[in-house]
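Pasting in a structure now, in structure tokens, and then I'll have a few things to ask.
Each chain carries a letter (A, B and C) given by its place in the written order, and its residues are counted from 1.
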Amino acid sequence: MMSTETLHGAQDHWSRFTLRQRLLRYGGLALTLLVVGWALRSIDVIWAWVWDAPSQMADLFGRMMPPDPSNLPSILEAIWQTVNIATLATMIAVVVSLPVAYIAAQNTTPNRAALWVGRFILVSSRSVNTIIWALLFVAIFGPGIVAGIAAIMFRSIGFLGKLLGEAIEEIDRKPVEALEAVGASQFKIVLYAIVPQVMPAFFAVAILRWDINLRESTVLGLVGAGGIGMILQGAIDTFNWPEVSMVLLTILALVVFGEVVSTYLRKKIL
Amino acid sequence: MLKISKLTKRYGSGDPVLKELDLTVEGDQLTSVIGSSGAGKSTLLRCINRLVEPTSGSIDLNGTEFTTLNRRSLRIARRRIGMVFQGFNLIDRLTVMENVQSGRLGYISTWAALTRRYPREDIRHAYELMERVGIAHYANKRADELSGGERQRVGVVRALMQRPEILLADEPTASLDPKTSEQIMSLLRDLASELKLPVIINIHNVAEAKEYSDRIVGMRYGRIIFDGLPSRLGKAEMDEIYAGVPAQDRAQAGAAA
Amino acid sequence: MSAGKDTWRKPPFIASPALRYGLYAVAAVYFVVTLATLPIDWERVSDGLTRAQRIFSGAFPPSFDRAGLLFDGFMESLKIAILATAGGIAVSVPLAFMAAGNISVKPVYLLGRGIIIVARSFHPVIVAIIFVKAVGFGPFAGALTLLVYSIGFVAKLLAERIEEIDFGQVEAMRAAGAGFIATLAYAVLPQIMPRLVGLGIYQLDSNLRASAVVGIVGAGGIGATLANAFGRYDYDFALAITMVIVGVILVSEAVSGFVRKRIA
């Protein structure tokens, strides 16, 4: 947006933004710098440690090399456990999130009370992090894979329910109208006019969450909720750094594997 | 016989869209309703099966009073009215057969609907109708793979699957090219006489309306101002139906009322 | 032709019956076996339920007695999030250029992609544990963790944006004889700037959220306050913290959504 007031005068300067825009931009930049400066000055860190950090990190990295595969069988077993946690929890969460999405979508909810119950479930599930859910379920179920599954599941319901609810809200209403005119019951309308329209989103969202859950499942063990994290925690506690690096490598492989599988499934199904 | 009397529809607190409208349709007539946008054609059609809730008046289809039915009985009564839409209103990701069978959803069990195990009688009927309109070979195709004309044929077959006592068509040809649109109109006319089915069509294209209808109803701002044989629809009548500024017209209606 | 036909089956999604039923069987067996072999110790669960009850009754009503501690924890989280976002963006921009297939050369591209993949693969909690071991407890480890976390997200999406730019402008600059840096500054940066600002705001929100978690393993911020409260069985304080976290997350999500909408 050039300024045009001197259209007929001799113009010898040009600027890309109007004064107001420029002020806004510089103001935004100054504000950002100020905020970062404040955070830097007031944060409670020991600066000597910060300057020392690179050598500390190099030192730690040195101790991690080379990775030690001697414990590989139990690492792989824990990885399998991790995959199971993610997969089972995703499957269960998908089933549970369907009715929640249904009542939390504006156009399918039976009444306002149900809408708010649905939204409340979604918000509380989504706002509490997996780790915090895990802390809670470890207290209930005791350490192990069951607490992990419950934690991942509770966190996933909100994510799946929210995205599915949005998919339901975005459907084309025309087929619904047609089936109302036919005299179909509400349930059959859902079955024929809504389910087919939401199906692609349903699979996409489920696959996406499975991929995320694979990553999340790797840390459950740190609070005792099963999976590869248990071994990682054990190795760190005993300063067995070569094994730590081995575990990290395995996790890397797992995540890449998850990404490959989910990309493949997405292509296959959609 | 469909007998509409004193039908009024008002959205919110504004002017009524339909004003004490009377209309009777019977036999295997094809009746076209014409009128400019906003005349209330679409509201009229949707009031008949109560997709739009009428404000007052009576709608009687072969002895059933529609306006007083409760939700459940309305659902059962709606099976008797087939409807075809401007935008086809098909379920894109389902096969043609599933779309066609969705016309039977009011009749079949939930289990049959869920598992797609439709009654043999319905499947035979579906094949006959699809054969009749020329889409039988598409039974296993997805609805969104079809062309516009073919999609509207699916819409027509879906409505006929209900074995309706009357067929309503809301601008069935407005989304189609001229040639396909004539095909659909002649199909509707032929079906009306073959199945002894009264058909009411909302339509913009007056030439098509005159060519294919047995009777033309002209609407203007919620009232019927012409009702007669297509041959009687001359320039003067056309001018009356399509002329006028909405605001002016409303003011007149208000002064008259 | 097909008149008189009275049977119809929906064409199955997977055409080959062997493969279809095979897949069903595999899925069913997997589900049943993994579910059946879950080590659920029901005695432990009923035990745990009473414990959960104790936790919940201990948590109600939430206690805001130590609001000062709570506030300090939050400010620390906020500072961590700000520094990590700023640092993350500073690192992400060059990294994104390295990892953009249309600008970069092959070996640099592979290196850039590799760094991004590694940064994305590890959950922030794992990264946090490593950093806590390397540089000690506290907000510094937290900031480093979230910096890595930010890189994984910002650099990846920024690289994708760079790959989508209109290349005609780059060619025009090159045709005008501009150098590499000038080309970047005039032809590429203006095109990616809005996305970068949007990503930065989104990441700040994300980092604030994540900082509540990485604190649990010792990386400072409100998470550390929460973990301490939990460890000391101060469940009423822990609930108060959790409630405030949820509230702040909702607010920050709303604010970041609003700002991004205004910018875009």
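Following the convention adopted for this analysis, a contact is a pair of C-beta atoms (placed from the backbone, for glycine too) under 8 Å apart; a residue touches a chain by one contact, two chains touch by 3 or more.
Everything numeric in this text was worked out from a predicted model, so none of it was measured.
**Q** Specify the chain with the shortest distance from its C-alpha centroid to the centroid of every protein C-alpha atom present.
**A** The most central chain here turns out to be A.
**Q** By mean C-alpha position, what chain is farthest away from subunit B?
**A** Ranked by distance of C-alpha centres from subunit B, the top chain is C.
**Q** Name the chain pair with more contacting C-beta pairs, choosing from B-C and A-C.
**A** Greater number of contacting C-beta pairs: A-C.
**Q** Would you kindly tell me how far, in whole Å, the mean C-alpha position of subunit B lies from that of subunit A?
**A** Chain centroid spacing, subunit A to subunit B, equals 48 Å.
**Q** Need the CA-centroid distance for the pair subunit B / subunit C, whole Å please.
**A** The mean C-alpha positions of subunit B and subunit C differ by 52 Å.
**Q** With chain centres defined as C-alpha means, what is the inter-centre distance between subunit A and subunit C in Å?
**A** 6
**Q** Using the touch rule from the top of the page, what residues of subunit B touch 2 or more other chains?
**A** 98
**Q** Show the residues in subunit A shared as contacts by 2 or more other chains, in ascending order.
**A** Correct list: empty.
**Q** Using the touch rule from the top, collect the residues of subunit A that touch subunit B in their complex.
**A** So the residues of subunit A touching subunit B come out as 174-175, 177-185, 187-189, 191-193, 196-197, 199-200.
**Q** Applying the document's contact rule, which stretches of subunit B touch subunit C when the two form their complex?
**A** Those in contact with subunit C are residues 95, 97-98, 116, 118, 120-121, 123-124, 126-128, 131, 136-137, 139-140.
**Q** Of all residues in subunit C, which touch subunit A in the complex?
**A** 30-31, 34-35, 38-41, 44-45, 47-49, 51-52, 55, 75-76, 78-80, 82-83, 86, 117-118, 120-123, 125-126, 129-130, 133-136, 138-140, 143-144, 209, 212-213, 216-217, 220, 226, 230, 242, 245-246, 249-250
**Q** Once bound in the complex, which stretches of subunit B touch subunit A?
**A** Counting only subunit B, the residues touching subunit A are 49, 51, 74-79, 81, 83, 85, 87-94, 98, 102-103, 105-106, 110, 113-114, 155, 158, 162.
**Q** Give every residue of subunit C touching subunit B within the complex, in rising order.
**A** Touch residues, subunit C against subunit B: 1-11.
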